[in-house]
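Per-chain numbering from 1; labels A, B, C, D and E assigned in written order.
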Amino acid sequence: SSDSQADEGKPSEIRLDYAYYSPTSIVLKEFKWAKEVFGEEDIDVKWTLSQGSNKAIEYLNSDSVDFGSTAGAAALIAESNDVPLENVYVYSQPEWTALVTNKGSGIEKIEDLQGKKVAATLGTDPYIFLVRALDSVGMSIDDIELVNLQHADGGNALVNGDVDAWAGLDPHMAKHELESGTELFFRDINLNTYGFLNVREEFAENHPEYVEKVIELYERARQWTLDNPEEAAELLAEQAEISVDVANIQLVERTDLTNPLPGDEHVEAIAAAGNVLKNAEVLTEEDDVETLTNELINPEYAEAVIE
Amino acid sequence: MSLALRDVSRTFNGTTAVKNVNLEVKPGEIIGLLGTSGCGKSTLLRAISGLDSEYDGEIEINGTVSKEIHDTTGFIFQEPRLLPWLNVLDNVTFGLTGSRKEKENKAIDYLESVGLRGKERLYPRELSGGMAQRVAIARALVTSPEILLLDEPFSALDAFTKMQLQDLLLEVWKKYQSTIVLVTHDIDEANYLCDRVVILRGQPGEVDREFIISQKRPRDRGSEELAHFKSEILESLDLNK
Amino acid sequence: MAEQQNEVSAGYVKTVQSEVSGKKAASKTNKDSLLKTVLIGSIIPVALIVLWEILSRAGVVPPNQLPAPTTILDKIVSMAQDGSLWGHVWITTYRVLAGFVIGTVAAVILGSLVGFYKKVEQLFDPMVQAFRSIPSLAWVPLFILWMGIGETSKVTMIAVGVFFPVYLNIFSGILGVDRKLIEVGKMYGLNTFQLVKRIILPASLPSFLIGMRSGLGLGWMFVVAAELMGASQGLGFLLVFGQNMTRPETILASIILFAIIGKLTDWILKLVEDRSLHWQDRVQK
Amino acid sequence: MAEQQNEVSAGYVKTVQSEVSGKKAASKTNKDSLLKTVLIGSIIPVALIVLWEILSRAGVVPPNQLPAPTTILDKIVSMAQDGSLWGHVWITTYRVLAGFVIGTVAAVILGSLVGFYKKVEQLFDPMVQAFRSIPSLAWVPLFILWMGIGETSKVTMIAVGVFFPVYLNIFSGILGVDRKLIEVGKMYGLNTFQLVKRIILPASLPSFLIGMRSGLGLGWMFVVAAELMGASQGLGFLLVFGQNMTRPETILASIILFAIIGKLTDWILKLVEDRSLHWQDRVQK
Amino acid sequence: MSLALRDVSRTFNGTTAVKNVNLEVKPGEIIGLLGTSGCGKSTLLRAISGLDSEYDGEIEINGTVSKEIHDTTGFIFQEPRLLPWLNVLDNVTFGLTGSRKEKENKAIDYLESVGLRGKERLYPRELSGGMAQRVAIARALVTSPEILLLDEPFSALDAFTKMQLQDLLLEVWKKYQSTIVLVTHDIDEANYLCDRVVILRGQPGEVDREFIISQKRPRDRGSEELAHFKSEILESLDLNK
């Protein structure tokens, strides 16, 4: 909106999102560092909760936030639909999705899924993960019976026996693991598509230096989290109202915070995801994955901050 | 069927509408119920019909005391109360049972009698006030009830039609020997039709007087005896008295 | 029907005949006025669509947010061509209609009982009223738990949506029935069931029909929640899919399909309404 | 009021007085019967809850999907203690009420115009009927787009939900008003506005009130969609949050709060209904 | 106000209800309209009132032809048509303007005249048929209309109350010099009240005869002249003729 394009490149307001799948955003919000930094310049800081990648993109698309946290693949899909966003920072490499089944179901590897009912939410990271997992053993989505369920419902459907397997998502996945004894029978952190911090293109154009300032803040939060993993898990547990155990699994075991700089590995991962998506007709024929990926990922700002 | 009211009273929210009404009606008798407006005539009819059961006292029909509705009772309400979603014919056949054909034939007979032949397909909203009342009359008479409760049945009719329908009522009465209680404001009508005229008076309404009219039917509407009754009845209605 | 008057003596059969021919003539004017109604009714939507198209072409509304009507139309046409459209439309319509029938029947039964018996009202009504404000999305996990993810849970979900407005309208319709008419029924010795059928339902028909129309609308709304339960086809699925994929033209295509099909089904009910309420003594507008 | 009859001559003022004292006496019996009504109305819900608790304790319902009522109660109590409960309840109630008022007012205005003028009906009604079947979730992206994620879009979303049933009931209520009564108004030279106010609205009040109650229910339902638009508080938020975080007791706590508060607000409308429809000639049940 | 009907006809769905009615009413005149049930009397009143504008022909009120509703016209409908959500008092004040106190005082005066003092707080459903009709009469008279259209206003009243209200009507007429068109089935009533009695006949209804009653008021209800008119009118109503 016009607010964010006030005089001389200084925005009157910076609108950030926070999400329970982006622990650093929670840390940042909780310690009020953004307020501290931008408050000095008379810039308002506004936080909005994103309940999922699709919501974050909706907010970016409608100019309701300036920065939005999404999964990498979601950002790619958004890019292909002309949502004006750029990925400027990688807030984590999470292993938030894996393939899950009930103990003793007899499913031990991907091939066992042949003809089975598998729950996933179409178009989300777990779905992409499922497609890529199947792809890795030469199967396709047509070899299984996909049941489209929301993440939480998918987990419950698995426990109830309505489906045989589930492309799960944390914290649901961790919780079911702890409480219902479900098992992750296929995991591969490299098939997850990273956590992308995206900025609205218009904001980046008008206030490039503030993009950098936000990245600086994220870096500060990342450093703090790396230094204080336990406290971070507690903070997450408290904020997301999940148990500390679940938070620990999610944050300590399954999140890698070491590489925040968008780079070749991310481009590759996204391109690979893009190709799978194209085969699954989530992306259309006209979409050129390489171009899209390059348009999406812009490491300049992060490079300036992180050296 | 015989009918007996014993000490019937009715109170609405603390206001008594009728008080201690006693009345014995022999089978086949026609009773006229006259009284000033609001003295409880309709209330009494509702009690007799069983629609209202919150009266005090006893009502005995054919020897049994009950507050139920007798389905051998026909009621012509003070308003036509036609069912607006049914046309004239269906309104008249409403209370009949049997095959469609039979019911309609019967109904058409009575519609003929009340002068509404050819109006079978009209809906209540297309009727004039008097036509609606005549449909209601046909609807009640067609079921040949053993007890007939009539609440000002001919009030919305012109003098001539009224006479015709009075005669129709007598015909039905003769044929089925119905016991009839007729509420009316038309003293001539009461005199012409009734064996006995009961005058209610006051608020709460109480039985004031009874006139027995023993003249044989068919009666002469202009007879002197009836004229004499008329002036007496009129006098007993006078509020100033 | 001008001759009828002169032929009163010819009577009953004649009347019916002339009424029939009268109906024929009326149906012709009906057609003309239907056309006119449709035309007038299209003015605003068409104007809005044209405006929207112009704004889109002029670049005022960015296509990534609100694609132009022609883009959406393209989307719908392409879905129609590859055949997927019919699948979505058909399965959703089927679910809504099935849920509508079940929900309406349940509402009529419970609504009549509640409207008629004080004890039943006191027992059930408070609970029903409390359930009424539970959002459709809240039912989703419970329904999956109770009924799994098959068609049963989907149709039941829609039936729940339909139930409440129908119930509410029936209940109040019955309460509003004129005592005078009920008494007529009682005088003819109707039992409770007959009374409901022959007096109360016809008399509360206006309210009932509005309840049905409200309920049908809600049925369409509940489809989304229903199709969150393991559907892979349907308009609600299409909508959520479009939202997950940030595909505005899919979202808007599904919205427009909802509007069109919803309108069509409502129109059928409205025809029924006009037919069955012709006896109402309405003011001519 | 037994004395009133004997004091008719004392007249008008007296009557009013005795009516007042009559009301007092009535209000006492009202209280008793209210208590009784509440008790009877609780039988079924209480029985269900007890059954549920027993099943939970016996392990028949898995606690990670459907926690026991006591667990849910604990959750609500703990939310009440840490104060977050009031925040959720208050903000949602505020949104619903604001949306309810706006939606109702809009529906009354458009509904009256449409009910009254044939031209307006032909212009607007078809479009409104089409919009009626668009699910709440479908509006979310559009509303975010048009109005951002502030309170405006949330309240508007709820207003949209409230609008349709109120509109539909008003419209049909007006059509159903007895021509005879409208004519009375016309004879006294009332203009259209006065006619609506003094005859049409009172006469269509039963229908209007049911529309309001339906609308309020829908308002509660639309809250979830409304609070998908960037809310961080509210019952709808709580529900979706619980779903996203797999917290069944949060989900169920929010459902129960929806039911309770929804029921309370409905009960207020029902009181208004009973008050304002005492003139109806209803059958005593 | 003067009133003139010229060639007024009204057709419902192809059926003509009244045909070619011509009538001139001078200011302050009382016209009685008699006719068999369904011959179009109410239809005519509705046309005069302006409620129905789909008639053919012209109706002129005080020299201007229009199909509008004149708000100086009062109409007592064939049914009471009380507003069920208003109590008796509010129903009577319905058409009045001014301060609440004033309106209520006026209304109470008229309620007194129609014998309903003390019933101000009752709702229509608590009234007897005759009481409702009297409320409707009070509601129409209280606005002191210049033209009064009465459709069988006293039909549901007992003989005595009827006479009282006929006299009330004459009082109002004297005070405000209203022009009155009175539909009635009670020939005595027409004779007692009217300057002129118009008989409608047939279906479609047409003006059949007119009787001018020049006797001065107050009239003697039992006078021989009126009795003579009565039998003549009765005869002209006879359908068999």
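For the reader, a short list of remarks on this structure follows.
Everything below uses one rule, namely that a contact is a pair of C-beta atoms (placed from the backbone, for glycine too) under 8 Å apart; a residue touches a chain by one contact, two chains touch by 3 or more.
This one's a predicted model, so the numbers in the text were calculated from it and none came from an experiment.
Fewest steps needed to get from chain A to chain B, stepping only to touching chains, is 2. Contact with both chain A and chain D is made by C.
The chain with its Cα centre farthest from the Cα centre of chain E is A.
Two chains share more touching C-beta pairs than any other pair, namely C-D. Rounded to whole angstrom units, the spacing between the C-alpha centres of chain B and chain C is 46.
Separating the CA-averaged centres of chain A and chain C is a span of 41 Å. Inter-chain spacing, taken between the CA centroids of chain A and chain E, is 82 Å.
Chain geometry summary: the mean Cα position of chain C and that of chain D are 21 Å apart. Multi-chain contact residues of chain E (touching two or more other chains): 79, 125. Shared interface positions of chain C, i.e. residues touching 2 or more other chains, are given as 4, 8, 65, 140-141, 145, 179-180, 243, 248, 280-281. The multi-chain contact residues of chain A, meaning those touching 2 or more other chains, are 58, 61-62, 150, 152-153, 156, 160. Those residues of chain C that touch chain B in the shared complex are 4, 8-9, 11-12, 15-16, 19, 180-181, 183-184, 186-189, 198-199, 202-203, 205, 278-281. Per the touch definition, chain C reaches chain A in the complex via residues 63-65, 140-141, 144-145, 148-149, 228-232, 237, 241, 243-248.
Contacts from chain A toward chain D in the complex involve residues 1, 20, 48-49, 51-52, 55, 58-59, 61-64, 150-153, 155-156, 159-160, 171-172, 175-176, 179-180, 240-242.
Residues of chain A that touch chain C in their complex: 54, 57-58, 61-62, 74, 77-78, 81-84, 119, 121-124, 146-150, 152-153, 156-157, 160, 162-163, 282.
On the side of chain B, the complex with chain E involves touching residues 12, 34-38, 41-43, 78-79, 115, 126-131, 133-134, 151-152, 155-162, 185-187, 234, 237-239.
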